[in-house]
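Note that chain A is present in both complexes that follow, paired respectively with chain B and with chain C.
Our next item is the complex of A and B:
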């Protein structure tokens, strides 16, 4: 059995919007990669970021905190960070942590 | 139409079981407020999908943070929280959880989700093939280990050599926090367990061999979760001490009868059981 590592695949979707696709396990080992990707997009003028989560199996608490940080940065810039198609386990985790109320989930 | 994961989870989360569960999952927890909710979410989503009635038991080990209140406040219908009056060690927490479990198949899994719950069914398959105890293994062929520190690799290798050579236990990885038992095996082993700390896994596997139980190893994926509370150097010293204690306990006949009573039945959801020492024997 292989451990799928988190990968990010960015797709430009208009001048201010971008999508980041994440796969695998999103935990503390991966947040630096994620943070760099989000900050790079924000610094280049993309303040609407969709995080595609359908292929994510697990998010730990540090990854959740990183998502919140990204959301705050996007909103400070007049945009938003949207969680798109979270997998069922991720949706349950968002519900249990009550973060489903904090994010826009598409 | 087959229910979705979310449908199954929501039914489990809101509807108390009417009969005994088929599965029990035990999570030992000591100051896990930061990590435990995602782990509960992942386990709840995965096990609910298996289509059998099940219960989740969080066995607190005297946490001084918000672990207990966080879990209790979830209000999940089939989640039970066992509260300890003080910290005694992981072995104590796992024992209380396992002895309170009512399922026919009992898994204990670490609170950091370092062994993903998706491997539940691989272990269950070995129980269905007749094993009494199934051990998630980071050392068996086919396992996949990520981010394991060098100190833990050295510790694990040394441990394996001692365990196999001295104790003749045919298990390459005794310490992985992902083990499954039949109910009968679990009760027999954990009622005799005397070690409350890190080495309890070794004691359980030692007892399984002593009682002629079938023990199988299943390779698992394992990710070293940041924030692990395992101090390899400290644990190595404790382990060497406990090796001799286990052997001495056996020589003295301390495993010939139960050392722990079965706890009161978990009857109501979110039940809190204050615990006290139920140890009849001694670990020292």
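Our next item is the complex of A and C:
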């Protein structure tokens, strides 16, 4: 899995959002890398995080749990974690698990 | 000429003396190294082992005192370091980045050959320390491994060891964790001729998931007793209310299907919190029973405004079949990296008309054959409930 970070334009009502682009398999082997990336952004004041998922080939329950954890942390801080452009395999999993009702999906 | 010859003889004699002295020194070194090699200790205690080595080595370098430090911490001191007139020290390291210093005091200055011997002594002592620490680490790992195995076995004991028997229903249930313990589970209760059951999957794997799994089973068992008469939605809501905060703290969630089957009428009521796949076969048709809400631990159900959790209500009759599996079954990969998939499971469910036990066992065998040696990547759980002639 690869994670790349982009800083998005600042808005009038808050700090700049950040986007994490994830590629490849997103599973139990990758969650530490993802958790560190998300926590680093949150600790530096970014509570609006977009997770770009268009290039994710596979996501397992451990990875979904990390997305949920990140979403909860962002919302506790007054922000949100948005799932952007999920690939078909990710979208199917989100629909089957009804997690699409819990996340903001862009 | 005579003076010249005398001078040459003198030079030759001195050369011979020098060579003889060098040979004696070399021989002394060999003897000392031989003696040092005999100092190899049988003790695995670090301080004991080093003390034995230094006691053996001190006479070889005529040391009044010897002090051995590892990473700046004194491990052993022999004699009084203030007694000798001449002090010297040598630093040695291991590939594991342990740094040791051997300090020696003696009456005479240290020669070059003895300095090399000192290095050999320091290396021998450091090697003994290294061996001792490796042994200590291995013992600690064994203790942790044993505790892990015990905890895993205890967690798996949370799964029910009995099978409910109700007229007109036949059940197969099996859970194979990917490691010594896992987060997949089932639990059930029989009340007034009704089967209440929960089948689920805690996110993650291994002992952490198994520990949460045992809590979910406890919560489900309590909910069966307290609100089971109000149906599967009430059971799910009760489990969510009792576990949401705990799951949030644990950064985990649980996909969960809860069923309520009235054995006298065959009616199935089912509600799913993010669990998939759930298949219903009736009249040779197989359909997915979809989830009504996200997994437990994601959003508090009471905060979602759902009010009433929509249930699947199905009138079961002999020949009908309910299959609840975990994603570890359908996501198992072949050597070519292809997943078994929901379609593979649907195919078996649609066409295998044997008993719940035979079909369930066959599905596990089919997955094993499909994996063809590829590591089991996730916990595998299968729950097959058949409606049979009473």
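The rule is short, and it goes like this: the second predicted complex is superposed on the first by the 91 of 106 C-alpha atoms of A that agree within 3 Å, B and C clash if a C-alpha of one lies under 4 Å from a C-alpha of the other, contacts with A are read in each partner's own complex, and residues count from 1 in each chain.
Quick note on the criterion: a contact is a pair of C-beta atoms (placed from the backbone, for glycine too) under 8 Å apart; a residue touches a chain by one contact, two chains touch by 3 or more.
Computed from a predicted model, the values in this text were never measured in an experiment.
Asker: Mind checking the superposed model to see whether chain B and chain C fit together on chain A or clash?
Answerer: clash
Asker: One more residue to check, A:45. First (chain B), second (chain C), both or neither?
Answerer: Neither chain B nor chain C is touched by A:45.
Asker: For the overlaid complexes, name the partner, chain B or chain C, with more touching residues on chain A.
Answerer: Of chain B and chain C, B contacts more residues of chain A.
Asker: With the two structures laid over each other on chain A, which partner does A:66 touch: chain B (first), chain C (second), both, or neither?
Answerer: second
Asker: Return first, second, both or neither, reflecting whether A:28 touches chain B, chain C, both chains, or no partner chain.
Answerer: both
Asker: Could you tell me if A:101 is touching chain B, chain C, both of them or neither one (first, second, both, neither)?
Answerer: second
Asker: Where along chain C is the clash with chain B: 132-140, 168-176, 240-248 or 258-266?
Answerer: Superposition on chain A puts chain B right on top of 168-176.
Asker: Which residues would you name on chain A as touching chain B in one complex and chain C in the other?
Answerer: 28, 60-62, 64, 96-97
Asker: In their complex, what parts of chain A are in touch with chain C?
Answerer: Residue list for chain A touching chain C: 28, 60-62, 64-66, 68-69, 72, 96-99, 101-102.
Asker: Which part of chain C faces chain A closely enough to touch in the complex?
Answerer: So the residues of chain C in touch with chain A come to 201, 203-205, 248, 251-253, 255, 273-277, 290-295, 297-299, 304, 327, 331, 378.
Asker: So in the complex, which bits of chain B are touching chain A?
Answerer: Residues 4-6, 9, 34-35, 37-38, 40-42, 44-46, 74, 113, 116, 118-119, 142-144, 146-147, 219-221, 223, 225-227.
Asker: Within the complex, which stretch of chain A touches chain B?
Answerer: The contact residues of chain A facing chain B are 1-3, 5, 25, 27-29, 57-62, 64, 88-89, 91-97.
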